[in-house]
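Look for chain A in each of the two complexes below; its partner is chain B in the first and chain C in the second.
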Partner chain A sequence: MKHPLLIITAALLWSTMATAQGVRYELRVDGLACPFCAYGIEKKFKKTKGVEAVDIDLERGLVVVSAGEGVQLTREQVERIVKDAGFTLRSMTEKTLP
Partner chain B sequence: MTRRMKPFVIFPLLLSFSLLASCAWFPEAKEPPYALVKSWGEKGSGPGQFDEPTGIAVAGEEVFVSDARNGRILVFDFDGNYRRQIGQPGEGPGQLGRPMNLEISADRLYVADFWNDRILIYDLSGAFQRGIGERGAGPGQFKEPGGVAVAGNGDLFVADFNNHRVQQLSSEGEFIRQWGVTGETGFLAGKFNYPTDVALDAEGNLYVADGYNDRIQVFGPDGALLRKWGGPFALNLNGSFNGWFATVTSIDIGPGGNVFVADFYNDRIQKFTLQGRFLTAFGVEPTGPVHTAMAVAVADDGHVFVADFDRNRVEKWAPVR
Partner chain C sequence: MNYLRPAGQGTMMNALGIKKAGAAGVVVLIYSAAVQAHDPVFGLGPHTLFKNATEVHLGFDPSRAGRNQQTRSTLEFAYGLTANWTARVELPYESREKGPDGTGDVGIATKYRFWRRDALGVQESSTAFLRVKPDTASAGRGTGSTDSILGLAYGYESRKWYRWAAARYRFNGETGEGLERGDKLLLDLVGGIRFKQTAYLEPDWVWMLELNGEITGRSKLKGVRVEDSGGREWFVSPGLMWTLRNFAIKTGVQLPLASDLNGNQEATDYRARLEFEWHR
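Let's turn to the complex of A and B:
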């Protein structure tokens, strides 16, 4: 009886994860080599509604923003956040997470 | 009809200007550079490891280092032996978001917490004492403080990074006065462009690392601007010449009465007299696009300690006799 229970539990978990889609945004930001700048932009994104995680790659000038299920960040919104932090958005790509 | 200057007037003028500029704007070193005698640390989150060191201070025979992304302060002896951790990541009392420049005064450690918009105070064993400030643009409030200095009477001077000002507060956090205009950047005298750190000399003069203006500004105890330096006329012209800066991130005044400045994009520490005369510079090249010389502290014995952001390590430098 253990195996069928495990399979059902795993199937339920998988279905929950499969529906919990989010979006990952990769932002190229000019001049992102100073820690003061990086922490400022990271803080602003973390305070944005729906944003679940922010990773800063100083070496590549990349800000990776992960948004939760059903949350969509517009380019205008992202540009404003980046500009408020004192930077210029060079490019933005988005990828739906499985 | 226009008047034209005679060549015999123009050439001496140009020559005089060039000579003046070369002396004032491109100074030669007056001392040999310091020698790197020791370094320690690596990337990680374990004891003695760093994930982006951003601040440094010394007291007695110990070095205190802001370990920004790990949300803690690490303490070592002068040989790099790990001793203890202060604080932990978080937003609660005594917890740290992104600790930046540090100050030690009267056996208290003062931490500028960039993310939690406050100054946290600990005793040197690590026991949390209290926090000062909250997020905002009003008197006594902060937007991402970058550094703090403490006067003999306990007054705090805070580099209020995103408010583009420096505030003087009482030891209880009551507003006394400020330099700069809240929320306004500027490159003229007395204005700031993301100030990152502050220091006080023995006379009570205030030295401000005017971060993105690439200069140092000095104010007297009466609040008046005394001098500024960093490139021609200290008007936000960045460069890698002696005495020029490319984003100043930290400042400290040594026991000999010299000013040490972390010149981040130029990957070096520059040493000046209190009047801003260039003495020497030293540092290491980065391994990639991220830079090295993030923060500086000077010990009573003359050793200079540097937080190397790029290599996630602390460097100990000694003057060359």
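Let's turn to the complex of A and C:
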């Protein structure tokens, strides 16, 4: 009887740890030609509640947004942020950090 | 009838006792200081600010035309109303070899990006531009009239190559003394290159070469054409844009390529520009 309980406890503990590590959003953004202009994306995301870090790869058109525990960014929200920064969102992938 | 004595003959006064601005004065005063990083140094570009961005800009523009040497310093504030619409206020200060230093005419400008195409590492866009310059300068400064500029700009930015094209038309008002300076058409063609594509948080260098043309109409004084006014000047202008994250330095020099000025006027010897920008 102890084993199932042990397994369930371990599973719950694991899922809690997974959520506690946060979420990473990988965004493909078009229009990122220069760093001076790309600053707008960094600024806009860093002002968003729950966002902890923003990394920008100009060559790949990739913006990686790291968010904290329990933070959920919707596609509409991300599209608006990218649009207000002056660029176009091509795709968005969400990855839960282990 | 020629109301103005030719340049080089002492103090230039017209029949009404009004000092002639001189070719240099007119040329410097038409400076549209509303340039932004990732736009050309002298020409108009299509760049706008991101939404709710604020930008502070400090520029220095020394120039010489014959015996007329002057430096114009401009402090500007810009705001991104939307990602496609920017508003700007310009506060110039003029310093001349001859004559008192003082504040120039305040400028109010707006730029609206009406077309944009984004691709991987590429942004192409077009904007419309409007600038109004009322007569607000201290005595002996400014143009003495309310002038406005309308413009259209196109730009292509990629990780390596840049190209811009722009046209502006300046409508000059009439001063209280009845002087109406000729309207001016400004044309710009620019190419730029980023030799090394650096990462986002590294310094970025873009080298540019501009071809700038200015076609000026004749001035009129109380309805009578001024002979020593108007003409064409063409410049070739190398420039550099250096940026680091949200800070930019731009610099360049306009070197005369060809000029065809009416009557007896002093052509431009050079114009230079040094600008600092910071946005947040």
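The rule we apply is simple: the second predicted complex is superposed on the first by the 79 of 98 C-alpha atoms of A that agree within 3 Å, B and C clash if a C-alpha of one lies under 4 Å from a C-alpha of the other, contacts with A are read in each partner's own complex, and residues count from 1 in each chain.
Convention: a contact is a pair of C-beta atoms (placed from the backbone, for glycine too) under 8 Å apart; a residue touches a chain by one contact, two chains touch by 3 or more.
What you see is a predicted model, and the numbers here were worked out from it, not measured in a lab.
When chain B and chain C are set side by side, the one touching more residues of chain A is C. Shared-chain residue A:59: touches chain B and chain C both.
In the superposition on chain A, contact of A:35 is made with both chain B and chain C. In the superposition on chain A, no contact is made by A:24 with either chain B or chain C. Contacts of A:88 after superposition: chain C is touched, whereas chain B is not reached.
By the touch criterion defined above, A:43 lies against chain B and chain C together after alignment on the C-alpha atoms of chain A. Of the residues of chain A, those at positions 33-36, 39-40, 43, 58-59, 61, 86 touch chain B in one of the two structures and chain C in the other.
Residues 52, 54, 68, 97-98, 100, 114-115, 144, 146, 161-162, 194, 196, 211, 247, 249, 264-265, 288-291, 294, 309 of chain B are the ones touching chain A in the complex.
If you check the complex, the residues on chain A that touch chain B are 33-36, 39-40, 43, 58-61, 86. If you check the complex, the residues on chain C that touch chain A are 37-38, 47-53, 82-84, 116, 118-123, 157-159, 194, 197-202, 204, 206, 243-246, 248, 279-280. The touching residues of chain A, when paired with chain C in their complex, are 30-41, 43-44, 55-59, 61, 83-88, 90.
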